[in-house]
Each structure stands twice: as C-alpha cells, then as structure tokens.
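There are two complexes below, and they share subunit A, which is joined by subunit B in the first and by subunit C in the second.
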Partner chain A sequence: MIDAGSHGEVLLRVNGLTVRLHSGNGLVHAVEDVSFSLARGQTLGVVGESGSGKSVMARSLMGLLPKRALAGGSGEILFQTAGGAQRDLASLPEKQLRLLRGPALAMVFQDPMTALNPVLRLSVQLTEPLRLHLGLDRQQARSRAIELLASVGIPDAAGRIDQFPHQLSGGMRQRVVIAIALACSPSLLIADEPTTALDVTVQKQILDLLARLQRELHMAMILITHDLGVVASRADHIAVMYAGRVVEYAPANTLFTSMKHPYTEALFNSIPRINDPSHTRLQAIPGRPPQLIDPAPGCAFAPRCQYAQPRCREQTPPVVTVADAPDHQHACFFPVSTIPGGRPHGR
Partner chain B sequence: MRSKVADSSVVRSRAQGFSAAARQVFGRGFGPGFWIAAGWLLLVALCAVFADWLPVRDPIDPVIANRLNGPLTTNILGADGLGRDILARLVHGARVSVVIALTAVSIGMVIGGTLGILAGYFRGHFERGLMAVLDVILAFPWLVLLLALVAFIGQSLAAISVAIGFLWIPAYARVARANTLSVVQREYVLAARAMGASTLRILLREVLPNVILPVLAYGLVAMGLVIIVESALAFLGLSVEAPQPTWGGMISEGKRHLATAVHVALVPSITMFFTVLSLNYVGDRLRSRFDVRESNL
Partner chain C sequence: MADSNPCQLRERDDIVLRVEHLSVNFAMGKKTVQAVTDVSFDVARGETLGLVGESGCGKSTVGRAIMQLPPPTSGGVWFRGQDMTSLAGEPLRQTRTGLQMIFQDPISSLNPRRRVRDIIAEGLTIWARDNARERVDEVMEAVGLDAASVGDRRPHQFSGGQCQRICIARSLALDPDVLICDEPVSALDVSVQAQILNLLEDMKARYHLTMVFVAHNLAVVKNISDRVAVMYLGKLCEIGNTEAIYAQPAHPYTRALLASIPDTDPLARDDASIDDAPLLQGDLPSPADPPSGCRFRTRCPYAQARCAEEVPMMQPVADDHYVACHFPLR
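Up next is the complex of A and B:
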C-alpha cells in the first residue's frame, strides 16, 4: 500500500486499480494493480512514456473512459467528497459521478487546440459549468467567468471573453482550459500532460500558474507527464509508470537521490544534462515499450533492462517498500544500488 | 534608414487596413458571380412572397387571342398554349417551388439531422439499424418511391413537400452522422464530460453547433435538387394539381408546343436552370466561407 505520508488529510486513495480495454486486436491490459493515495493540497507526479497507461489511469479516475471500450476492471477509487463522505468512484453510478465532475474533480487536457469547442465563444464555455453546478444566473456567471479569466492571467479578460478559441494563442487557450477546469473550485485536478503541446517558455508559465492556483485553492493535483524534469521540482510524490503498472513510487527528492527501479534509472539517465561535455551521446532506453495485449509473464521491463535476470522473465515482481523509507515503494527483484547524493551518469 | 522602413510599413499596414475594411463591406472573397446568383435568388424569393401583389396578369386567366404568342409581343415573356401569361405563371410558380424547396429541405434536415446525430453519438445497434434502413431507402429508385408516396398521401402542396422531404432524410442523416463521428472524438467533448455535462447537454452544446454548419451548408444545394425533383413530378402530372402553376408543370405543358412555340417550355426551363445554378453556387461559396476547416483561421 502506497501512502502519501502524513501530510494532511487523505483526499484520494486508489486501491488495486485495474483497467482492461477492448481494442481491435484483443484485450489491452491498460492499467494493472495501481495503488496510491493523495492528500489535500499535494501533487502527485505520474511519469511514464507513451502507452504506459498514464492517461487511461487518469481517465478511469474520473470515469471518462468510453463504456464501449471498457472491458472490465477492478479496484477502488476512494474519494473524500466535500461533505466529508467517502465515495468509491469506481462503483458510483454515472449520474452521481457527473455531479462530482466539476465541483470535486476536474481535468486539464493535453492539447489546448482541441480542448475548446471551436464554434462557441469563451463566455459560453466558461459559464456553462458555473450555471450547471453553482446555479449562478447569466449575469453572475458572466462576471465570475471574467474573474476566472483574469485569475489565470489573461489580460483584458472582459474583452477576451466574447472571443472564439481560434482568436487565442496556444498558451492563452491552455489558460482558458485551466480556467474552465477550476471554475467550480475542484478539490482534485488531474492535469494530463498540460504542457506537452506548448513551447518551452509557455510550459513554465503554465506550470507556475497551476502551482499558484493549486496553493490558492488548496487543491490536490495529479500531474501527468512524460518529462521527469517537469515533475522534479513541482510534485510532492512521483509515481513512475511502465506498462500499466506503477514500478516506483517515492517522495520527489527521495526518488531522485535513491531511485530503486532500473526503469526510473534509465529514464533519468536519458535526460540530457546541460553540463555534459559537448558531443556526449544521449542515453536512450533500448527496445520498445511492450504491447499491452496479452502481456508476457514476468517484469514488463525485463526485455529492456540491463540488470535483468532469468527470474525477472518468469515472475512479476511485487510492490515492496524500501526498508528505511516507508513511503518509497518499487516493483523490482533487483533494485539498483544507489549512491546517496546522485548517481554517476554515462558509462 | 530603419525609421523610413518602419514608416513605410506603417503606411502600408494602414492602407491594408482601409482596403480590408472596404473588402469586408463589399464582400471580398465572394466575387461578382456570387452576388448575381444571390440577387437572382432574392428576386425569386420576393416573387414567391409577393406574387399576389405584383403587377402581373392573372396566371390562370386564358386569353385565347394571345395563344402561343412569343416573348415581347402581347405578353412580356409570351403566352402559353391556353393564352395565359407566362411571366405571371412564373411568378406564381415560384411560390410552389420555394415553398416545396424550403419545407422539404427542412423536413429532411430536422429529421435526418437528428437521426444522424443520435446514430453518430450513441453508435451500437441503433446506428446499425438506422443505417440499414437508410441504405434500403437509398437503394430504392427514388422516383418510384416518390410516386408511391404521392399516390398515398395526395397531391396537395403540403403532401408533396412531405414526400420529397422524406426522400432527403437518408442524405441528411448520413451527413450529420459523419460529422458527429468526427466531433465526438474531439477533446472538447471529453472536456465537457469532465466538467459534469450530461449527454443531452453534450449533444446540444458541443455536438449540434459543430454539426449544424455543414448540414446547413448542404441545405441550399439540396434546395436546388428539390426544385428539380418537384419539376420531375410535375412533368409526370403528379405535382400540385392544375390550375396552380408550377415551373415543372409549365415545362410539361410546353413540350406539346416545342415544334411551334419553343418559348413556352424554354422560358420556365431557363428560369429553373438559373435558380438551381444560383442555389448551388451560393450554397457552395457559403460553405467554403463558413466551413471552419476550409478557412485557415
């Protein structure tokens, strides 16, 4: 059991979440036995490469996976509602879940170019959730929407609100997407690669904005990314996902100083460093991520792992807790030995 | 040097600002052809609305003395085989054409569009069943189907509108379904669900506004086709009953006099030709102007 530690009240506790999806070629084991918990006001960074199940995991938390595609799943998603009651989102009927989406749970999407409806003015898209969930009338909703736009740093919010999405730049659009997501002050925000589609200078602005709003609203956040650098300084805990499983989970600074899983290490080593001598070769992880249809037995990372042993290909390593760090877990039979204070990089 | 360059670019951009404003007023991008076509359609529409008050002769009053007179004689556009004024009959016939075109297209658009959006959104058995039914309708020879419908529900203006409108349901359902399929894939639909929007709200707020533009754009082109379909019915004597003039009926009557008085069939034919051409042209230009995907916004 992975725990967010003792900071604050636990808002979200996920136990053994497993999601199977239909695809043209068979059953996709998209999420396998994922457990974690998240306290109010904290940030969980979820890191993994494309196809590691990050987005499916995030969408299943909100019940947004299309019913047609869903081929089964298990596990609990225990969420503390504003009233103090605990709800299992995994078994909540759609109607009740819908009432939670917006005021309790919200999501920011990867591509701001497609996350806004191109034919509706921003005012319509912003006031819709306000009127639906908070029962504001047209005038109240409009002035609240202008406040929201201003709070996400859009200059001349009162003038911008009647524009269409195509009149805004990518960074501005992502700010609007964030404003919509935060319209009803959710207690959990899931940001699914919020900066992947933006250029680097805008990325920092958007991440800073999310951090500021998170502080102001005392909201928990799940920050999904494929970029370790993005979560390094912004997440309290980091979960590294591979082939639908959380292979390592630790507080952010623990993860970077004493990583245990070879995949985390490989991911870390693949980041180019500014003080490397020029012409240093980039370290890639050899091979490809495994397909998630009929996965082979054993550790999913074994075929690409430089430390793999015969046992890794036969048994799936269970999640174990590091002896001297109660909130550091990993799923590896042969955790990498670490040197405190950093690892030698390159060979 | 540099400031000069900057100055001239300011001047240029200001000049562009003026001409851009002028172009907006005069509708750059549409071209004169569009405005001629639109003007023609406006004329037809005005004729249809004000037919009873326009200074034209009685369209059903036979003046035997004028029988088969050519254009620019006793009658401006000539007279038909019974000596009725062709201009008056065209003006009054426009009413039938416009009413049928509007009603039939609206029926097809509303029913077909709704079915198509529902099929595209909910998929599954409903979609498969609906598409199968629509394929059957499409596979049926449309004229035979139309004759059967008219024989069944009668030859009034309303009945013929409904019958032709029914024929348009499959086409509209397909257009709406195809557009819905692409819209529901978009992230903004997911984003709306993530903000707690119900299915009805998603259909009305997210899907409908995105599907309605291509569906509407198809409307003018469809009206052109409806006018032709109506004239085909009239040619077979199955449209609105005589003596009410219709363009198709006038062509049909004119065919008896083709050898001696070409204008009796030719004048309504040319009128219909220009009307259908204008509908297609205007419809096509509007579509490319308002289609978000084609204009590079």
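Up next is the complex of A and C:
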C-alpha cells in the first residue's frame, strides 16, 4: 500500500484501482491495481510512456471515461471533500460527481486547442463554472473571470476576455484552460501532459505558473508526463507507470538517487542528458512497450529487462516497500541495487 | 542583405553542403510570411549539424528548402559543386539522389498499401539500379530488420520505432551523401528514441553520412551533433561547435532556451550561470510581421535601442562559435 504517510492530511487515497476498456481487438487492461495516496498541497508526478495507462488513470479519477468504453473496473477512489466527508468517487453517481468537478477536482488537458470550445468566447467558458458552482451573477462572474485571466498572466485580461480561442497562441490557450480549471479553487488539480504540446520556453512558464497557483491555493496536484525532467524538480513524490501498473513510487529525490525498478533505471539511462558530452552512446531499451490486450503472465517489463529471471515471466511481482524507506515502493522481484554487479545510480 | 560571405562559412575542402543567404517566403493571404530569412551555414563531410529552435522558427523549412521542397525564394544551396536552386527537371532529380530525408511521423511517411520491401526498393526501381534486391536486404539488415521475415509485411504491422527504421532503410538505399532528419525521434516513445538515435549514429559511421538533424529537443540535438545552429523566427542566432554553444551560449535566446530545459536529475542543477538566466516572457511574434532589427528583441531581457534599429550580423566570439547579437553574452 502506497501511502503519503506523514506529509499532512490525506486528500486522496486510491486503493487497488483497476480499469478495463473495450477495444476493437479485445479487452484492454489499461490500469491494473494502482494504489497511492496524496496529501493536501502536495504534488504527485506520474511518469510513463504512451500506453502506460497514466491518462486513463487520471480520467477514471475524474469519472471522465466514456461509459460505453468501460468494460469493468474495481477499486476505491477515496476523496476528502470540503465538508470533511469522505466520498468514494469510483461509486459516486454521475449527478454528485458533477457537483465535485470544478470546486473539488479539476483537470488540465494536453492539447489546449481541443480543450476549449472554438465557437464560444473565453468569457462564456470562464464564467460557466463560476455561475454554476459558485452561484455568481453575470456581472460578478465576469469580473471574477477577468481577475482569473490576469492571475494566470494574460496581459490585457479585460480586452482578451471577449476573444475566441483561435485568437490566442498555444501558451495563452493553456493559461486560459488553467484559469478555467482553477476558477472554483479546487483542492485537487490533475494536469495531464499540460506542456507536451508547447514549446520549451513556454513549457517553463506554464510549469512555473502551476507551481505558483498551487502554492497560493494550497492545492494538491497530480502532474502526468512522459518526461522525467518535468517532474524531477517539481513533484514531491513520483509514480512510474508501465503497462498499467505503478512499478515504482518514491519521494522525488529518493527515486533519482536510489531507484529500485529496472524500468525506472532503464528509462532514466535511455534519455539523452544535456550535461553529457556529444555522441555519448545511449543505453537504449530493446523492444517496445507491450500491448495491454491479453497481457502475458508475469512482469510486463520482463521481455525488455536486462535482469529478468525465469520467475519474472511466471509471476506478477507484488508491490513491496523498501526496508529502510517506508515511503519507497516498487514492484520487482529483483530490485536493481540488490543485483550483483548492478551499477550505482546518480551522478 | 550582406553581399560578402557570412563569417560562419568555412574555407575548407571537405564542405559537402553549403547554404548561402537562404530565404523562404510563403504567401499567406495578402501578407508574406518570412519563414526563413538570410540563413547561411555549411556542413563538412562526416559532420552532423543540429538545427534547433522552437516551433515556427523555420528549422523544418530550411531542411526542406535544401531538398528544394519547395525551392527557396532566394539564396543558394551548394551540393556536389552545383547550386541546386539553379537546377530543374532531370539534373535536379539526378542531384537529389545524393540527399535523402527522413521525417517526424514515420507511419504517415510510408504508403500503407505497399510492402516494406517495395517501399525500400522504390528509389532503386526508379533509377533501375542493379542488384536492387541485395541492396534492400543489406540496408534492412543494417537498420535491424530481418528482410526474410518482415520484408513482405505492410507498415501497419509495425510500431512507430520500427516504421522509423523502415524510413531510414529507404533513405539509405540509394547510398546518399547527406541525410536530412526532420524531427526523427519526436513522435517516438521515450524508450524507443534512444534506439533510433543510436541507429542513426551507427548508420552515419557505416555509410559515411553527413547529417542535418532538425529537432526541438536540445538534449537530443546535443547528443547527436558536432555543430549546432540555433534559429529564432526565421533567422540564425548562433552557430558553432556543440560543446562551446552548450557550455557558453553567447546569444540571449540560446541561453534562455537552455535554461528552460527541465533537468532529468533534481540534484544536477549545478550550472548556476544558466539557472540565473531571466525567464523568457511572452510568445513568439508573428513571422508575417517580424520585429525590426533583431527579431528576438521583443522577448530579450537585454534589449537596447540599437537592437530595434540595426539587424545584428554574425560575428565570431570564439573559435568556431558565431553569434548574431549586438551584445553577446560573455
């Protein structure tokens, strides 16, 4: 069981979350037995490649997966609401979930163009949650919306508010999406690849903005990305996902200094680093990420793992806690530092 | 526009590709977009030049203009002693076999209805080369595809990384001198990127290639390049030896770009000088209406009056390190 432990009041506790989806080729095991918890004001970074289940996991937390795609699932998503009550989002009826989306939970998506309605002015899109959830009248909502736009760093907010999304650049649009998400001061923000569609200089602006707003609103955040670099310096804890499972979970510093799962190590070593000299040979991971339809028994990473043993192909490794680090969990029979001849980590 | 040769062009015998005063304009309604303006660089035999910049800076347009896809508005592209912009028809087709290109999206660059073997053999068939079958087998083996078992499959049966291998095999079939790679790994999974980057290095050594590598990921570009050219809004800001540019960027834009990279290692932020660089404000101006003088001045933390009036020329700041800035960083 992965636990935020002593890092403050637990806001979200996910127990054994499993999601199956229908697809043309069969049942997709998108998320398998994911458990973690998140304290108020903390950031959890979720790292994984495409198809690792990170976005499906995020959407199932929000209850945003299309009903007809869902082929079953189990597990609990226990969320502490503002009133102090604990709700299981996984079993909450859609009507009650709608009341939580906005004031309690909010989400920022990868592509800021498709996340905004192209035929509605920003004013309409920004004031909708304010009027619906906070009950503001037209005038109040409009002036609050202008404040929100200004707070996410949009110059001339009062003039911009009557524009359409296409009149804004990608970075500006993502700021608007963030403003909408934060309109009702949610206690949990899920940011699904918020900067992947943006240029690197704009990426830094947006990540800095999210960090500032998170501090101001004392908001917990789940930051989903494929880029280890994005979460390295911005997350309190990091969960590494592979083939629908969390294969390693640790405080950010611990993860980078004493990673245990061979996938985390391989991912880290395969990335070209800016401080390495040119033409440094990269340690590529052979093969490709697995299909999630009818997964083979055993550890999903075993076919690509340089340390794999026969046992890895037969049994699924359970999540275990590192002996002297209660905050550090991994799902591997042969964690890397215990392997004779395993390379030391860090710099 | 400068008439004399820009200072970053080198006097060497082994220059394979030279781009001089390259400009590409596109019509956008009544306006003209200056996608690339007065870009000059050269690539020596066996060298890899990395072309970096944010989206919209014209880096892909430069790659395509070298291939004459479409031909540039003005300027010259010298390859095998000829200016490709002066060629047309049959001579252009002949010359172009020496330059090959691979693209960002490997799946959409392959015809889904054809077999892998036929896709790779296309160039050989067009030019009626001898021993086409052996050549296809050889390049497939070189990129790590088993010709016997996968040659008759079609692209949809392969993953993105495998499709990029097919694209690389196709580009190598005609034994080119120059390989132009336009964002070849940005559509691939992180764990597959390294495979393709290593493969490109291997192919470069095996087939004595010269490469132009267009990408937005600075770490990827550093890994593969001998020299780097940084572009901003259609202009070249800085060009030179990779290590020199990454260790001591002289253009404020290059420095901001390097400072924006999130580091993979939370303990690695040791490069204090780069960390202290002020954050870039705002977004890219429209290339249809670029700022006067230095195009970066609207976002530059060090901009002065002169930057608005005078277009900065390339000047040397160190050995094989050139920058187009009135006030280069030191």
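Please note the rule applied: the second predicted complex is superposed on the first by the 337 of 347 C-alpha atoms of A that agree within 3 Å, B and C clash if a C-alpha of one lies under 4 Å from a C-alpha of the other, contacts with A are read in each partner's own complex, and residues count from 1 in each chain.
Here is the rule we go by: a contact is a pair of C-beta atoms (placed from the backbone, for glycine too) under 8 Å apart; a residue touches a chain by one contact, two chains touch by 3 or more.
Values in this document were obtained by computation on a predicted structure and should not be read as measured data.
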Room on subunit A for both subunit B and subunit C (clash or fit): fit
Subunit B versus subunit C as contact partner of A:230, first or second or both or neither: second
Touching partner for A:308 - first (subunit B), second (subunit C), both, neither: neither
First (subunit B), second (subunit C), both or neither touched by A:69: neither
First, second, both or neither for A:128, with subunit B first and subunit C second: first
Touched partner set for A:201, first subunit B, second subunit C, both or neither: second
Subunit A residues touched by each partner, larger count belonging to subunit B or subunit C: C
After superposition on chain A, the shortest CA separation from subunit B to subunit C (Å): 6
Contact residues common to both interfaces of subunit A (with subunit B and with subunit C): none
List of subunit C residues in touch with subunit A within their complex: 54-55, 159, 161-162, 189-195, 197-198, 201, 216-220, 222-226, 242-243, 246, 256-269, 271, 279-280, 283-284
Footprint of subunit B on subunit A - complex, ascending: 62, 64, 68, 98-103, 105-107, 109-111, 114-120, 124, 128-129, 132-133, 166, 177, 180-181, 183-184
Contact set on subunit A toward subunit C in their complex: 49-50, 169-172, 199-205, 207-208, 226-230, 232-234, 252-253, 256-257, 266-268, 270-286, 288-289, 304, 346-347
Subunit A partner contacts - residues on subunit B that touch it in the complex: 123-124, 186-188, 190-198, 201, 205-206, 209-210, 213, 292, 297
